[in-house]
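Going by the order they are written in, the chains are A, B, C and D; count residues from 1 in each one.
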Amino acid sequence: MDLGIRGRRAILLASSRGLGRACAESIAREGVDVVVNGRTADDVATAVEELSARYDVQVEGVVGDSSTVEVHDALLAACPEPDIVLLNGEGPSPMPFGRIDAAAMEASLQQSLIGPLMFVQRVLPGMCDRGFGRIVAVSSAMVKSPNPMMSLSHGPRLGLTGVLKGLSKDVVRHDVTINQLLPERFDTGRQQQMANLVMKLKGITYDEARAEQVASIKAGRLGRPDEFGDAFAFLCAAQSGYLSGQNLQLDGGSYEGVF
Amino acid sequence: MDLGIRGRRAILLASSRGLGRACAESIAREGVDVVVNGRTADDVATAVEELSARYDVQVEGVVGDSSTVEVHDALLAACPEPDIVLLNGEGPSPMPFGRIDAAAMEASLQQSLIGPLMFVQRVLPGMCDRGFGRIVAVSSAMVKSPNPMMSLSHGPRLGLTGVLKGLSKDVVRHDVTINQLLPERFDTGRQQQMANLVMKLKGITYDEARAEQVASIKAGRLGRPDEFGDAFAFLCAAQSGYLSGQNLQLDGGSYEGVF
Amino acid sequence: MDLGIRGRRAILLASSRGLGRACAESIAREGVDVVVNGRTADDVATAVEELSARYDVQVEGVVGDSSTVEVHDALLAACPEPDIVLLNGEGPSPMPFGRIDAAAMEASLQQSLIGPLMFVQRVLPGMCDRGFGRIVAVSSAMVKSPNPMMSLSHGPRLGLTGVLKGLSKDVVRHDVTINQLLPERFDTGRQQQMANLVMKLKGITYDEARAEQVASIKAGRLGRPDEFGDAFAFLCAAQSGYLSGQNLQLDGGSYEGVF
Amino acid sequence: MDLGIRGRRAILLASSRGLGRACAESIAREGVDVVVNGRTADDVATAVEELSARYDVQVEGVVGDSSTVEVHDALLAACPEPDIVLLNGEGPSPMPFGRIDAAAMEASLQQSLIGPLMFVQRVLPGMCDRGFGRIVAVSSAMVKSPNPMMSLSHGPRLGLTGVLKGLSKDVVRHDVTINQLLPERFDTGRQQQMANLVMKLKGITYDEARAEQVASIKAGRLGRPDEFGDAFAFLCAAQSGYLSGQNLQLDGGSYEGVF
C-alpha cells in the first residue's frame, strides 16, 4: 500500500529506542525524512546511523529531553516545517497515590502534558497553513482503564488526550489530523526492565515474569514494535486525512469496553 | 507498506458498489483473492470484470442479499476457507420512531444483526483453527451518536457492535481480529441519492444539498471511498493482529466525544 | 429528600420480584401508584398484597410476559397515562456463540429489544403531551463490557441502549427523561440460582460459589436490591428532569473504564 | 427518601455560591454538618448565616482559594474527619490554544488537578479506616466533549477524572465512593456573567444572549442549581455505596454519545 508520504518530513520525539524508534523505522521506510530524538547521545547516534543505512532518506538526530524548550528549538532548527510529528516521551514509574507529592505530579505534568502541548503549539499553525499535518501521540491503554498505581502516568496523559481531541476538531479541515495510539505491553526494553524488576521482587524466574506480562494480554503475546510502527505509519498516510480525533488501542484486544 | 496478505482469500458482503467495493479494490490491490457480492447481477458482473482486469488475483461474484443463508452458502462454496471477511449490507431508510412497527424492526434486525452473526458463526471456527482471520464490519458513526430518525439502523448495528466486541475477546489469541469501521458521509451513490432526495424535499439545488452534507463534517468535505478501502486493508494486514475489538471512526474528525 | 412524585402513576414491567420489585418498593414509598407485573399469578398477587400493605398508594397487578402486546394492553388498561415506566424483563441464559441459532437470537431480540420499544412507543407521546415522563430501563453492566458467553443478552440490550439514547434527545424538552441502570451482581434470586448452578458444576459449596460472585465485584459484596430501587427512584424524581440519556452503572465500582 | 446521612460531616470546596452552594444546601437539608468555603469573606459569611438559619446542622466557613495547602489545613482543622467531600473550584476563562503559555497551563493544573488531588490524599485514608466516604468532584460536560477554546479547563479536569477513576477502584471496598458530576449550563452567576459578556461582544440583548445559552441544551432550558445539589446529595447517600467511579452528566440530555 502506497502511503503517499514520500518526501514528507517528520519530527519524532523520544524515538531513539522502543516504540518511538519503531515509528521512525516505519515512516523512513515509506520515504519520509526523519529527525529522531533521545536522551543519550549514543542512542541517538545509533538510531541515526542505522536509519540512514537502511533507508534512502535524510536522518538527523537531536539529543535531549523532548519536553524542554531547548530540545524543541533544536528539533525545529533541524526541521523547520514538519509534516508529521510523533509526540512521545518516557513515562513515570508506578507509585501508590498516597506517596505522590505536588512536585512529582508537576514534573510528570511537565513531561507528559505541558511539554508536548508547547511543541504542538509551535508546529500546528504551519501545518494548517501548508494544508497537511499528521500529529500522533503515544499514549497508554491506561487512559481508558486507569490503574491506581499509575496516577502519574494516566493523569497527565488523559489531560493531553482531552486537549488534543479538542484541537483536532479545529484543524481537520486543513488536512491536519491528530490521533493517539494507546499501547499495552509491547516487547520493548521497558517490558524487559519491568520483568527484571518483578523477577527480583517476587523471587520468580525471568520467564515466569514474562509469562505474567503476557497473561494480562488477550492476544496471548506481547505486541511487536514493528506492529506499532506500522499503525503509526498508517495514521500518517495521505489517505488517512479523514481519520482524526481517534484513540486507537494497540493492546492485543485486551480492553474490555465496547467503546 | 507491505500488508503481508498476498495470497489470502476474502469474502466481502455487499461489495459490488460503494464502500464495500472500495474495500474489495484495496485488498485486491494487495494481492488478496476476493469473492464480491451484491444484490443485482449487473453490479456484481461489473465488479468482477473490473477487479479482474485491474489486479492479478482471483475474483468471483455471488448475487443476492448478503443476510440470507442461501447467499452465505454460495459465498462459502466460492471460498470455503476465507481469511478475511467484510460484513456489510444496505442500511434502512430514516423513519420516525413512532412509525416503526415490530415487522420493520424485525426486518432490520435480520438484515443488520442476525444475518451477519450467522455468517460469522460459519467462518470463525475455521479462522481460529487456521490461526489467522480478519473480520471487519462496516457499521455507522451513529452507533456512537444515535440519531432519533435512524433507530432502525443504529439499534441493530449497536447490537452487532456488542456481540462482535464480546467475540473478539475470545479469538484474538488465534490471530483472529474483529473490528468495525464507523463511516460518516462518504461520497458514494447513497450520499448522492440522499442529496437528490433533500433537493426535492427542501426545494434547493443539488449543490446546496451537497453543501449541507458537507456542513456536518468537520473535515469540510465528504470522505473518499478509497480512504475507506485503505483503512479496511490496514485492519486486514498481517501486522494488525494486535489490534482488535476497535471501533475506528472514519468521519472527518466529526465525533465530539473523547472516546 | 422529597422526590416530588407523590400522586404520580407508574407501570413497572417485570416487577413482581428481584430488582423490578425493589424499584416498585422505592417509588411506592414515595407515594407513586404502581402497576406491577410478573409472569406468575402468585408472585404478582404477593407483590400487590405486600406493596398495598406497606404504602398508602394504589397498587394493581398484571400477570404475563412483559414483552407481549397483550400484557402491554392490560398494563395500559390498568394505567392509561403512566408518568413513570420501568422497562425490565428476564434475561437469557449464558450460551456459547457457536450454539446460538437465528431462532434463539430472534426470541431474545423480541424479549429485550422489540417488546420494550413497542411499549415505549405507546407511552411516549402521552408523556410528551402531558409534559412529564420518566422512563428507566434495567439493562446490564455487560452493555459496556460484553462477555462472549452472553451475546443473547448484550446484543439486544445494546440495541435498546442505542435506540433509547436517540429517543432521549427528542423528548427531554418535554421534561421526559430516558435513562438506563446497568446492574452487576445484585443479591437477588437470580444470583442465588446461579450460585446453585455453579456449586453443582464445579463441585464446590454454596458459600464458595457466593464468594466467587463477590470476587469479581470491587466493592467486595453484592449489591442490595434496595440500593437499586432507590437509584431508580432518584432518576424518577421531579428534580431529575435535567438528567437524561445516561447509563448509570450500579456495579460496586467494578467497571474498569473511565467512561 | 431518607438518604441515611444525618449526622455526617462534609467539607465542600468552593461552596459559597453557585453549584457548590447548592450542594451544601441539599446535604444540610438532609442533616449533614457542613464546612463551606469560598474566596471572599462576605460570600462565606452569607452562606454560613443562611445555611445555619435554614437547617438544624453545624455550619462553618473557611475563606480562601480551595486549591491551596493553607485552605486545606483550615478546612481540616474545622472538620478533621469528613465523611463527605465536594471537590469544586473556579474554572478558567476561554482562551484560544495558541495563546496558552506554560505558566497559564501550570496555574490551571494547580487549580483543577493538583490542588484537588492533594486534598483527596489527606482525606482518603481516614475515610477508608472509618469505612465510609463520599467524594464527588464537580467536573464539566467538556471532559467528554472537549471544546478547543477551553483547553485550560478540560485538560486538567480530564486528568483529574482519570486519577479519581483509578483511585475509586481501590477504595470502594471500604464503602468509600468517588464520582463526578458533569454539569452543562446551569443557571448560576457564571452563566449570567457569560450572557453579559456575549451581550456586549455581539451587540445583542441580555435575553438574546440567554436564549443562545439555552439553544445548545436539548432540554430547552438551563439547569437549576437545586437539581444539581440533589444529584450530589443522592451520590452521598448511604444507599449509594454500590455506585462509584461514575461520571454523571447533568446537561439537559445534551450529550450526543451513547456512553
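Please note the rule applied: contacts are C-beta pairs under 8 Å (C-beta built on N, C-alpha and C of every residue); 3 or more make two chains touch, one makes a residue touch a chain.
All figures in this text were calculated on a predicted structure; none of them were measured in a lab.
Asks: By mean C-alpha position, what chain is farthest away from chain C?
Replies: So the farthest one, by centre of C-alpha atoms, is A.
Asks: Quick one: superpose chain A on chain B by CA and send over the rotation angle as a multiple of 5°.
Replies: The C-alpha superposition of chain A onto chain B needs 180 degrees.
Asks: Distance from the CA centroid of chain C to that of chain D, rounded to the nearest Å?
Replies: 30
Asks: Could you give the separation in Å between the centres of chain A and chain C, each centre being the mean of its C-alpha atoms?
Replies: 44
Asks: Among all residues of chain D, which ones touch two or more of the remaining chains?
Replies: 143-144, 146, 158, 161-162, 165, 169, 255-256, 258-259
Asks: Help me check something: in the complex, which residues belonging to chain A touch chain D?
Replies: Going by the criterion above, the answer is residues 97-98, 100, 102, 105-106, 109, 113-114, 117-118, 121, 124-125, 142-143, 146-148, 150-151, 154-163, 165-167, 169-170, 258-259.
Asks: For a test of understanding, state which residues of chain A touch chain C in their complex under the given definition.
Replies: Listed in rising order, the residues of chain A that touch chain C are 143-146, 158, 255-259.
Asks: Which part of chain D faces chain C closely enough to touch in the complex?
Replies: Going by the criterion above, the answer is residues 1, 3, 26, 29-30, 144, 161-162, 165, 168-169, 172-173, 175, 177, 218-220, 223-224, 226-227, 230-231, 233-234, 237, 239-253, 255-256, 258-259.
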